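The two complexes that follow have subunit A in common; it is paired with subunit B in the first and with subunit C in the second.
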Partner chain A sequence: MPKLTIDGKSIEVAKGTTVLEAAAKLGVYIPRYCYHPSLSISGNCRMCLVEVEKAPKLLTACSTEAAEGMVVRTDSEKVKAARRDVLEYLLINHPLDCPICDQAGECGLQDYYMEYSLKKSRFAAADKVTRQKRRALGPHLVLDNERCILCTRCVRFCSEVTKTSELEVMERADHSFIDLKEGKALDNDYSMNIADLCPVGAWTSRDFRFKQRVWFLKKTPTVCLGCATGCLAEAQHNENVIYRVMPRPNAETNTWLCDRGRLAYKAVTAGDRLAKGFIKNGLIDLEPALREAATRIDEAKGAVAVLGSPWLSIEDNAALAALAIEAVKTENFCFDFPAEQGIKDGILINKDAAPNTAGVKLVKAARGGISLEELSRRLLAGQIKVVITEARAAGFIKEALKAAAPRLITFATNRGEIPQGAYATLPYASYFETPGTFVNYQGLKRRTEPAVTPPEGVKPLWGLVNKLAAYSGDSLHLNSSEDALKGVKL
Partner chain B sequence: MENILLKDNVAGLEGYFACGGYRPLKKALALKPADVIEEVKKSGLRGRGGAGFPTGLKWSFIPKDAPGPRYLVCNADEGEPGTFKDRELLLRNPHALIEGMAIAAYAIGAAHGYIYIRGEFAAEARLLEKAIAEARTKGFIGKNILGSGFDFELFMHSGAGAYICGEETALLESLEGFKGQPRLKPPFPAVKGLFASPTVINNVETLAAVPAIIEKGGEWYASIGTPKSTGTKLFCVSGPVNKPGVYELPLGVTFRDLLEKSCGGMQEGKKIKAVIPGGSSVPVLTAEEAWAVKLDYESLATAGSMLGSGGVIVIDESQCMVKLLQVLARFYHHESCGQCTPCREGCGWIEKILNRFEEGKASVKDIDLLYSVADGMQGRTICPLADAMAMPVMSFVKKFRSEFEAHAAGRCCAPEAGGGH
Partner chain C sequence: MAFKLTEDFKARAEKLCARYPRRDAALIPVLLELQKEAGYVAEEAMDELAKFLALPYARVKAVVTFYTMFNREPAGKYHLQVCRNISCHMAGAPGLLARLRAKLGIGEGETTKDGLFTLSAVECLGACGAAPVMQVNEDYFENLNGEKLDALLEDIKHGRLRAGGR
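Now for the complex of A and B:
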């Protein structure tokens, strides 16, 4: 356990801790570009140079291990001069096109220049090295090599995290540039993380480019519902529109996000987003749709089944359980979705494509219910005339639904989810619009916060359940997502 | 005194035998590896590639009980401008290198050695391959060398033309098949070198001196030269001297003796203006400084320069220092690997400033800018290439400022030298 001092403050750290990490523990921030906690140490940017007593030269804090008795200064004149010089070198060939650069506002060059330099460049603008700009690479990214500072985070990400090694630094000296390796395409499942990783505006996301200035964005914590991994994420939005989703790095689950999960937010404003209900193929306002659904449920009393969904929050599943038990008063309800869970690609993507398989188990534990097989059996035996479920969950009993052809009442956020042959579809608020609790494959409970409001008239699913029950003359008294839990312990 | 490295008629195996070749290997194999290292330590031999690190000490850094293989690598990627000594050694005495490597490998416990040879040395590589094959046929390389039970395989690998691959860790990257870029240190090659194993990397001239040290003893070697710069050194002299070439002389020889006794003095009518004493990367000396200096590690350090590779570049009065520095800057800009910021951006910037001087577009302010850009690069990079650019720039500006001022004022100091302005 070496003990060292950084800017006069002492700290004892575990062996192998770097000076940069030790400084962070003391609240001393050391600027860096190439360093990233989840990538190998490269030491190329030279921004983190610090002064270490008895060392003849400045040392890179990112690669220097803390040693017993080490005396480090991060605020000496020598260090400040080095930072100013490195910034000047980085900026001489930079295009300075901040006004049209998406990174502006969250750019490592802008931020550090303001903080550590403010020095006027001595470089003749006519001498700048020009490189290729605006090159679309892969389905999600654009590369501007002129803005690149060659920190190689992108190269290391592709070789160390996705292990797909698409990128390489070509050429030498100040004509070096990032390029695709021969025969490769930048289409791995995690490519958009590169835009996050890039400390400057070299890599930008094609989805986000030119949509919004970053300083207008508000940030709301959320959970990615793309699979059972349940990555922590952050929805960034302005004026009720989500513009991008970024990972919220955490030790338990994720540093990154997969591209599919990151882009899932697009369903919120997609062209097929449901703001009204459907009866058969006819668009209809929510209230008449609810009335129609309630009528069919009343009609089939005694032959109604309710199926929960691993795509819904615990609260919404609990509301469905309340609907079955307390309003419809049926024993035909199922909250049991066996699924194999675990990371399938060695990074983040889960074998279980549904986000809340583990959470639904809590509902089953509190409220009981039958198995999927039993539900299918009862359907095939003709005992069930109406099935109420979430659109994607209908897939679990697809064969039985096809054979028995009951009236299917589904909840959906987007038209594309509606299963074939659905009788009624009721639109509900997505989890970017309403809070919900989910349990990921590690058993970790995670909650989404609403980032935006749902389209006009669209309600949370538990609210629809409350209304359905009311139309049938039963009051469930569900006035909040907490009410919806009804005895299900989080 | 008799040459240790550059001898006549030893290029072939027979000639090498006639001079007692491969006797030292037999002698070394009868010693304990630690005793071989001890002998080299006693000799005071220092790295001849440029840095001058004590060779025996370097060998002793190989962890004694580390599991797995260890490697010996010979750096024959001689690319420093003004340096052409290893090439001469490879042509004239290849077996001294091979024998030196076998002895060094035995001392550090390496079963495999590599000679990384400059890509442009095609003829030299062919000769070296032939010499290695000869040594293998005679059992100096291969399994159970001279019945000692010691195995050592030696391979040659040609570089692809990058100056940076002469930097030892870039060399290792290149040898492993990657782009030649220096590695962050620590870990040092002695702990984690080639294929992540303990590795010793020595220059051709260093390894070639080892057989003589084993044959005649470390004390004998240490008696040559000065107390801290022992033995002989190959000096490569270029410029307008009567007999440019490679000369083997004891360290501590005066520049005056090298020039006048070995090289036959300056060409008719030529007068020295400056001397770069150790390859293009080291600080330049004025004529006055050069005439007074002894050529050894400490004396040159005291004079504010370095012994470096022993590439002595003599510059006469007719040359334009600005033009010369522009040529050097173009070289370092071209060869910077581009990995770390100060060198990648600084080398190009310096070349551009010097181009302005040559085009007559520079102002007096650019002189200080040039110095300051170089100063900002120094000591802040992964490898010494930035220093190799910065040191000549800073010393040229400091010692020949008037020539830069003349350029800034619109005059070239030596128009007949081909200065652009």
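Now for the complex of A and C:
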């Protein structure tokens, strides 16, 4: 356990800890470009140089192991001068793109220049070595080699995290640049992380480019609902529009986010987003749709089934359980979704595509219900005339639905989700618009916070359930997501 | 055009690989061997080599493009490689390069129409003590100046220098 002093403060750290990590523990920030906590140490950018007593030269804090009795200075004149010089080097060939660069506002070059350099350029624009400007490399990314400072974070990400090794530094010295095989696309399941990793504006996201200046973005914690991994994420939005979703790195589950999960937010404003109800194939206002659905449920009393959904929050599943037990008063309800869980690709993507398989188990434990097989059996036996479920969950009993052809009342956020043959569809607020609790494959409870408001008139699913019951003359008293839990313990 | 590594080449490459604890460590020797045989390292060859050494293609390409000693296209009969690093630079390499550009009518990285000369500015040739230095195919010519360079070009044109390596 070496003990060292950094800027006059001493700290004892585990063997193998680097000076940069030890400094972070003390709250001393050391600027860096190539260093990334989840990638191997490269030590190429030289931005983290610090002064170590008895060392003849400045040392890179990212690659220097803390040693017993080490005395480190991160704020001496020598260090400050080194930072200025490193920045001057990095900026020699960097274009003056800031006004049209997407990275502006979260750019390492801008930030460090303001903080450590403020030095006037000694190079005329005409002296700059120009490199290739923006070009699309793959479905999600744009690369502007002229802005690149060759920190190689992207190269290391592709070789160490995705293990696809598409990228390398080509050529040499001031004409070197990042590239991949000619004609190939940078298309792995995690490519958009590279836009986050890039400390400058070299890699930008095609989805986010030019949509919004980063300093306008507000951040709301959310959970990726793309699969059972349940990565912690952050919705970044402005004026009620989500512009991008970024990972919230955490030790338990994720440092990164997969491309599919990152783009899932697009459904919120997609062209097929539902703001009204559907009866058969006709759009209809929510209230008449609810009334129609309630009438069909009343008609079939005793022959109604309610199926929960691993795509819905615990609150919404609990509301469905309350609907079945307290309003419809049926025994035909099912909150049982067996699924194989575990990381599929060694990185983040789960074998279970639904986000809340584990969370629905809590509803089942509290409220009981029949199994999926039993529900199918009852359907096929003709005991069920109306099925109420979430659109994607209908897929679990697809065959039985096809054979028994009951009236299917579904909840959906987008038209594309509606299963074939649905009788009525009710639009509900997505989990970017309403809070919800989910349990991921590790059994960790995670909550989404509303980042934006739903389209006019669209309610959370528990609110629809409350109304459905009310139209049938039953009062469930579901006035908030907490009410919706109804006996289900989180 | 599909490029295929010959069985004969593969056998030689295997011997090179056997010299190192890891297969990928043989990349540079194998590339040199390939260039000796074909005169240059073709794009398709990089693909084949990557498979042969179980390396990502990008790694092979990065190494080939990093080193000036690898030709990425066929060179002329005489490959004039002028060192442009610090010692040679200070001892007059820019003058030599300018002279060659003017005399041959080509820029760096280009080949004369008759296919006789290719001109390159290369990184350190490791002969700083004899700067400025130019390598012609496999041979070094040291302590060069304008007159020596002119004489050397005349010699080459009249076939008084063997085409090294071939």
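Note that the second predicted complex is superposed on the first by the 486 of 490 C-alpha atoms of A that agree within 3 Å, B and C clash if a C-alpha of one lies under 4 Å from a C-alpha of the other, contacts with A are read in each partner's own complex, and residues count from 1 in each chain.
By our rule, contacts are C-beta pairs under 8 Å (C-beta built on N, C-alpha and C of every residue); 3 or more make two chains touch, one makes a residue touch a chain.
Note that this is a predicted model, so its numbers are computed, not measured.
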Side-by-side fit of subunit B and subunit C on subunit A, or clash: clash
First, second, both or neither for A:L180, with subunit B first and subunit C second: second
First (subunit B), second (subunit C), both or neither touched by A:S159: second
First, second, both or neither for A:A82, with subunit B first and subunit C second: first
Which of subunit B and subunit C A:E171 touches, first, second, both or neither: both
First, second, both or neither for A:N93, with subunit B first and subunit C second: first
Residues of subunit A touched, compared between subunit B and subunit C (which is higher): B
Which superposed partner A:I41 touches (first subunit B, second subunit C, both, neither): first
Clashing subunit B stretch [against subunit C; choices 325-333, 361-369 or 397-405]: 325-333
Doubly contacted residues of subunit A, that is, touched by subunit B and again by subunit C: 169, 171-172, 176
Parts of subunit B lying in touch with subunit A, wherever the complex brings them together: 162, 164, 179, 184, 333-342, 344-349, 352, 356, 369, 372, 376, 379-382
Residue ranges of subunit C touching subunit A (in the complex, touch as defined): 43, 56-59, 61-62, 65-68, 123
Residues on subunit A engaged by subunit C in the complex (per definition of touch): 159, 165-172, 176, 179-182
Touch list for subunit A against partner subunit B, complex: 41-47, 49, 56-58, 60, 63, 81-82, 85-86, 88-90, 92-93, 122-124, 127, 129, 149-150, 169, 171-176
